[in-house]
Structure formats: C-alpha cells, structure tokens
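Chain lettering (A, B and C) follows the sequence in which the chains are written, and residue indices restart at 1 in each chain.
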Amino acid sequence: MRRDKTTKTTIQNRIYAISSVFRGNISLLAGLCILIPIFFLGFVGPYIFPVKGIRLASYPSDLPPSPEHLLGTDTSGRDLFTVLLYSVRQSLLIGLIAGTVGTVIGVTLGFTAGYKGGIIDDIIRNVTDIFLIIPTWPLLVILSAYLKSLTIPALATLLAAFSWPGTARGMRSQVLSLKERGFIRLARISGESDLEIIFKEILPNMLSYIGVMFGLSMTGAMLAEVGLEIIGLGPAESNTLGLMIYWAIYYNALVKRMWWWIAPPVICLVAIFVGIQLLNAGLDRLYNPRLRR
Amino acid sequence: MHAGNTEGNDLPEKFILEAEHLIKEFKARGGEYFKAVNDITFQVPREKPTVISLVGESGSGKTTTGLMVLGLLKPTSGTVKYEGKDIFKMSKKEFWEFRKNVQAIFQDPYEVYNPFYKADRILKITIKKFKLASSESEAKKLMVEALKDVNLTPEEALDKYPHQLSGGQRQRLMIARALLTRPRLIVADEPVSMVDASLRADILNTMLHLKKEYNISYLFITHDLSIAEYFSDRIIVMYRGVNVENGDINEVLSNPLHPYVKTLIESIPIPDPKRRWTKKIRFKIEDLTKREDSSRGCIFYSRCPVATKICSTKQPELVKVGKDHFVACHLYSK
Amino acid sequence: MTSKDLLKVNNLKVYYRSPAGKVKAVDGVSFTLGENEVLGIVGESGCGKSTLATAILKLTRPPCYIEDGEVIFDGKNLLDLEGEDLRRIRWKELSYIPQGSMNSLNPVMKIGDQIVDVMMAHTEISKEEAKEKAGKLLESVGLPSETINMYPHELSGGMKQRVIIAIATALEPKLIVADEFTTALDVLVQRKVIEFLEERRASIGASMINITHDIAVQAMLAHKLAVMYAGKIVELSDVYTIFEEPLHPYTKGLIMATPVLGEKKVIRGIPGNPPNLLNPPPGCRFYPRCTIAENKCKHKSPPLMKIEEGRYVACWKYGGE
C-alpha cells in the first residue's frame, strides 16, 4: 500500500477509499453485482426499454424469443419481457414493503422488550409468542381466499404481520445479552442517556443482525407471495413474478416447451434470494471492525 | 468507621459517600429470593483521600455493592448518599454532579469497549457529556494529559480499535477515562484481576500515585487480600452478602478475628516455599449450590470450624473490638 | 533425580502457522522430570506454557504443529507414536487436566457414569468393578459417595474440579499434566483442591507438570520450577533455590511484582511488553525490558546453561559464550 497520498488527486483518493470497502469482501461485491442489475431491471427498466404489449392480445400468442420480443410472448399475447420488467418491480416492492414494515415493528418491539424488561417485556413476549404459534401458511391461505379483493399493499401488510415476531424475538435476545456487557455500564457511568445507549451503543452492534432479519423478512414475504399465487390465491390485478409463474403453469408452458416463459421469473427469484444473502454476509464483514483488515 | 448507626453528631457533609444498610435481593432460579447484599454500611470520609477495600470471594456481593454505590443498580432497601443526598432521589442536575465526582474502573478490559468504535471514544464521550472542553483542540489536550497520567503515549492509545490494544493498555486507558472528570471517588471493581502479574504492580502504583496527586479516594473491590493490604487504608470483608469484619487494614490483618477471615488468610498461597502449608485446613467446602437461609443464625455457620449452638439460631451483630476494628461473630459478642 | 528420568523433553519447538508467518510459541524447550516429582511451569499469558502442555501430550491441532524436538516418556519418544500406541499410553500412563476442564464435564451424564466410562475405555474392567472403584476414587478426593449419582450442574466449582482430579487419576498414571487447574476457584476452595490433588498424587506416586501463572501456587506445590518467557525457559531449578536466590532478571521481576500478605514490601512491575513471537528479535527476548542488559544481549540469545547440578539459567550474566 503506497503511502504517498500527496501524489494522488482527490478523485483517486475517493476511488481508493470506496474500493477499500470491497477489499477482500467477495460476498459484498458478488451480492451487489447480482442485486443491482435486478433492481435496475425492475425500477429503471420500464422507463428505458420500450414498453409494449402489456395488454392482452397485443401480439400473436406463444411466440419464441426474437429480436422484436426478447422473451417471446405468452398465450394471452403479451410481450413477456415487458411482463417480466413489471413483475420484477412488483415483487421487489412487496418484498421491500413487507420487509421494512416487519423489521421496523420487530426491531422496535424486540428492543423495547429486551431493554426495559419487567412487565413490558412480559407483555411483548407473550404477544410475540402467540403470533409465532399461529401457523402462518394456512392462515395466509385462508385469509387470501376469504378476502377476495386483496390488493398488493394489503398483501404486503399481511406478510409483514407474519414476519415481525421472528425479528422481535431475535432482537430481544440480542439486546438482553448486550445489556449486561461492560461497555453499557461504562456508557451509563459516562453520562449517556438511555436513548443514546440504545441508538449509539447497542444498535450499531446489531446492524448486521438487523440486516439479516430484514433479508429474511423480505425473501420470506416474496416467497409467500409466490406460494399464494401459484395455488391461485392472492392479487391478480398486478403483475408479480409469482403471477407470471402461475400463468405459465396454467397455460402449460412447460408442456409446450416454452422455457422462455417459466425460466426468467424463476431465475430472477433465485437471483434475488442469493443476492440478498451475499449482501448480508458482505455487510456483516463490513460492519464488524474486527473482521476488517 | 462505625459499624451501624451513622446518625448523631456527624454532619452529612463529613462524608463524600455513605452507604447505609444496603440490601439487594434477587430471585434465584428456583424462585426463592436471596440477599446478595445483606445490610452493608460504610462511609468514605471527605477530609483526606482514603482507599477502602471491599474484599470477598465470588458470591460475596461485593460487585453488587459496587454497582449500587455507582447508581447502576437500585437497592432493595437502604440508601446511597452522595454529599448527604440520596442518589436515587436526586434531580437530574444533582445526579450529573454525582456522576462527575464518582467514577468507575471495571474488571474486564475487553468488555468495557464497544467493539464498534475506536477505543478513545470512551474518553471523547466523557469529555462531551461532562462538558470538560469547549473545543476540539482543548479536548485533545485533555486526553493527552490523561494518557500521560497513566503512562500511555498518544501514539499507542489514540485512534486505535480495542482489539489493537493489549490488555494492559486497555486497562490504563480505562483509568485515564476515570480521571478526566477529576472525581473525588473512584469505584474500582477488580481492576487488576485480568492483567498479567508483571503489569499489575505498575497499574496499582499508578493508581496510588493518582490518589496523592489528585486527592482521589477509592472503593477497591477485590478478592485478593494481599493486594488489598498493599493498596488500602481500610478493609471490609464480605461473606455471602454480610460484612463479617471491617476496620483499619493493619489492625484487621495483623489480628484477624472472624473465623472466615482467619481461614482466608491461612489459605492464601505465599510465594515462598519455606512457608508451605503443613497441615490441612479445617473448612467444609461443600454445598455451594444451595444458598443458606441467612435469617436463621450466622451466615458462616455451616462452614465454621468453631461454630457453637448460638451461631445457628442468632445472627451476630458487628461489635467494636479495637480502636478501629469491628467483627460480627458470637465469639466476640458482649 | 537423574537416575531414572520419567520424562525428558529435548529442544521442543512448537509453532503456529498464520497468514503472516510462523508464530514461534515454544522455541526450543528442554527439561527433565523424575519419578514422583512435581515440575511447575510458570509464566504469563502468551509465554507458551499451554502450548507446551498440548505438545507434550501430542494434542496439538492445526494451525499448531510440532516443528522439532523430542518428548521421551519412559524411554519412548511420544512424538513418534501414532494411533493405537498413543491411545494406550494416554490416560493410563499420561493424563491431562486442561484449562477450564471443570466446565467440560458431560452435562447430561451422571458423574459416576463419566468415571466408569473412562475406566472401561482404557482397561479391562467390568462395570461393577468400575463402579466400585469410582466410589472409592471420589472418596479419596473428599467427595461424598452420593456424588456418583449427581449431575455436573448440581456441583460447585470446587467439587467439579475434584471430580476432574478423580477422573484424571482414575487409572493411576505415571504423569499428570495440569494446566491452570485452580485458576477459576476461590481462595479457600483452591487451597482444599490443592490439598486433595497433592494427596492423591503422592498416594499413587505420580509425577506432575503443574502449569500456572500464579507463582505463589507454584511455591506451595512444586519441587522444581521452570520459568517461561516468550517461548523459552529462562530459569530452571529447585523451587527453594529459585525463590531464595532468583538469577534471571525476569524471575526476579516476577517475584518483586507479587505482594506478600504480612510483608510491607513495595511491589514493582516489569515495564514493557513481551515480544512479538512472529518475528522474535535475534538477541535475548527479554532484552527490551531487562535492567541489567548489555550489548551482547541485544545480538545473541543466551541458551539455557547449567550453573550447578539441577540449576539452569538463560542469561549472559552468568557466563557462557
């Protein structure tokens, strides 16, 4: 590592600083390499690529991929590439909303329970346990079937409601163990207030944990959505990856050897999951100064 | 130091800190309550810097007492008074003054640092919270001065993460932090137990030097009687939460009276093979898993080699047996 | 004492492989141990004493490896033995009380069963016989016979440690290696446990290597004392002589740093830090902290030299080229 920084320009310094974050951190790099294109595809894609034929019967059905239709068309005559772009966005949104809401609730409740202790802890813990006991999947199925007009935001909220207990439980035990650590005592002796201790002492040590819980919540929600769609439940008004898979199965895409219909959504889902895991591993490495070189 | 009653002719401002009849109860795994600290009373005088040692083995309640004195743990009953005022009833401003003047050094030099931040953050936070400097350069000056007091150079201690410092360096940095506010009293909980022998002496000598230089008193919590003798002016020996003997360090150690204290002294290994243990020690070491009910009789009854009938039924009170020497044992009760 | 050496360690070198290079944790250690003798190895953290213990018993695991040297136990080089041969010696002739061992008792097995297990694994003995022996064993360390049916979590620290002593001496080995076996115990319990261990050891006539950083405990227990610093033995002699007249400046420093109850002596530490064992300096490893160092010490590392019978020191001040 050359130390003569005086010969470098500020831009070079900046590049160096940013690249040092990735030094030896393959997970972070790989994770970002996978996720950035997908997010790009979902959120920027519809504005860049020519959007066409999202309406039914816009084109002839079951066309294989061609320069005009990158992923061909489906049985309803829609351009599959367009469908994919919109589906990726919707699925990501579901995951992000459900993940964020679930994590925020879980972190807040888990934190409060762990730090405050006493009656508050008992109450929160019991509520969390009740939610944990409820079998998520059957309940989702029942609710989806019952609430015929389930919108995307409603679905995301429902999924969040099932993901927060796990996070809360995990956060609570993390806080409990951190609470007794020497540096918390020292922080109190040094005059830090409870709020400062929570945000400045405890929270930074939990960022990677929260990241992991968020990743789990997000992927869990996305997976639940796919599961619901495949069995015919869940909202049908917006395009999601799950819905795309559903229609592919409904119209026997596999039998018709239309791999260009069923493969892309599956690959996208797998990529999102793997990307999130890699990103978490990379962030964990980043946040833990002891693991940094 | 008086064994019990401190009311009377003493004006409250005669003491920096008073602990009065402190009791702390915890719930054991079985569901029953037990007293980790059972009626502890002592005072830290204001007239000159004093070192009071709280000596005991594991389970004696010494750390719990320290936590209560620091205001980190609320006693089940009893009071801790700073300059005559109950610290758990203070206003925010008064409590801030208390924190400024009563600081702490903890045992584990690995644990007290938040691994997320650099080690010198503990200095910066103290400076900020107690408004010790009005500018960054002033703060830096304060830090360098404090480091000098504990024999650390800025190069080795500043701008480093905790895992980049050695155990001895971390301990010294912790002491430097405690000095920043120029406290009147430092509660030191086993400050050298986790430090190598060759570094221990220097840290203790540094602390003694600081006592003279800055007029700091210490509440020194330890299990090591030899270090307590080296370091302190007065000693309080605790066993299972009870103060069994206390007084001037020389008086107590040259003439220990309580059977527990006597046994303790006899059991300390001595770095001199000529003084090897020749006979077996009379002491039952069993049943530590069951906490005896201390309300019936002396806390040391089940393991005392010279216990008599009254010891199992009545709890002994602290009685004066010398100029500055008190013991709680029926052998010496009037 | 040299008539029949039970254990002879020759120039043992134990290193650790690290991304930055080889860490020379034990760098050329030699000593002998006779029958029915207690050798204390004293040193601070990082001096290599625990690594030495694992090497003697051939228990090193990567990244730790034995670079060189011999460990001759009862005429055989332990480092040459493998598999079944090694297993036969372990526990029957050579036993080990590792650091923190009282916490390694199987929490879901009764104490009695754990002792019986060890005995049946290493000898031809019936279960009933083993059970009877286990009871007697526990009594010999002062534990009541009911302990046989108790679980580890029901015992106190001192009781668990005595169970460990019982297990380690169950097959009456010739050599016991104990690493910090009283460190986590309270003063009173420590004294009792030392008493029990010494009694048990003497009754089976075993030798012992007692490793601890506490020189006071060594003074109470050891016959011979070896002082280790930065991977080497710097002084080795019988325990009375070492305390009466310590030769090496580090030994002197250690003794001066320990307060003695009843004596109003001033204690002094040793300024500085131990050297980095990744690239130890060419000269004497104690040089930077030594008060009597000379120029020679900076460049050449003194070997362990014999001053008189049974007395060795590694310091240029006492001669040698």
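In this section, a contact is a pair of C-beta atoms (placed from the backbone, for glycine too) under 8 Å apart; a residue touches a chain by one contact, two chains touch by 3 or more.
Note that the coordinates shown come from a computational prediction; the quantities given were computed from them, not determined experimentally.
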Can the chain contact pattern be summarised as a line, a ring, a star, a complete graph, or none of these (other)? line
Using C-alpha centroids, which chain lies at the maximum separation from chain A? C
So what's the Cα centroid distance for chain B and chain C, whole Å? 33
Whole-Å gap between the CA centroids of chain A and chain B: 50
Considering the complex alone, what residue numbers of chain A touch chain B? 181-183, 185-192, 201, 204-205, 287-290
Please give the residue numbers of chain C that touch chain B in the complex, ascending. 44-45, 144, 154-159, 186-192, 194-195, 213-217, 219-220, 222, 239-240, 243, 253-262, 267-271, 273
Within the complex, chain C is touched by chain B residues 57-58, 166-168, 196-205, 223, 225-227, 229-230, 253, 263-274, 276-277, 280-281, 283, 285-289
As the complex stands, chain B meets chain A at residues 67, 70, 72, 96, 99, 103-104, 106-108, 110-117, 122, 125-126, 129-130, 161, 163, 174, 177
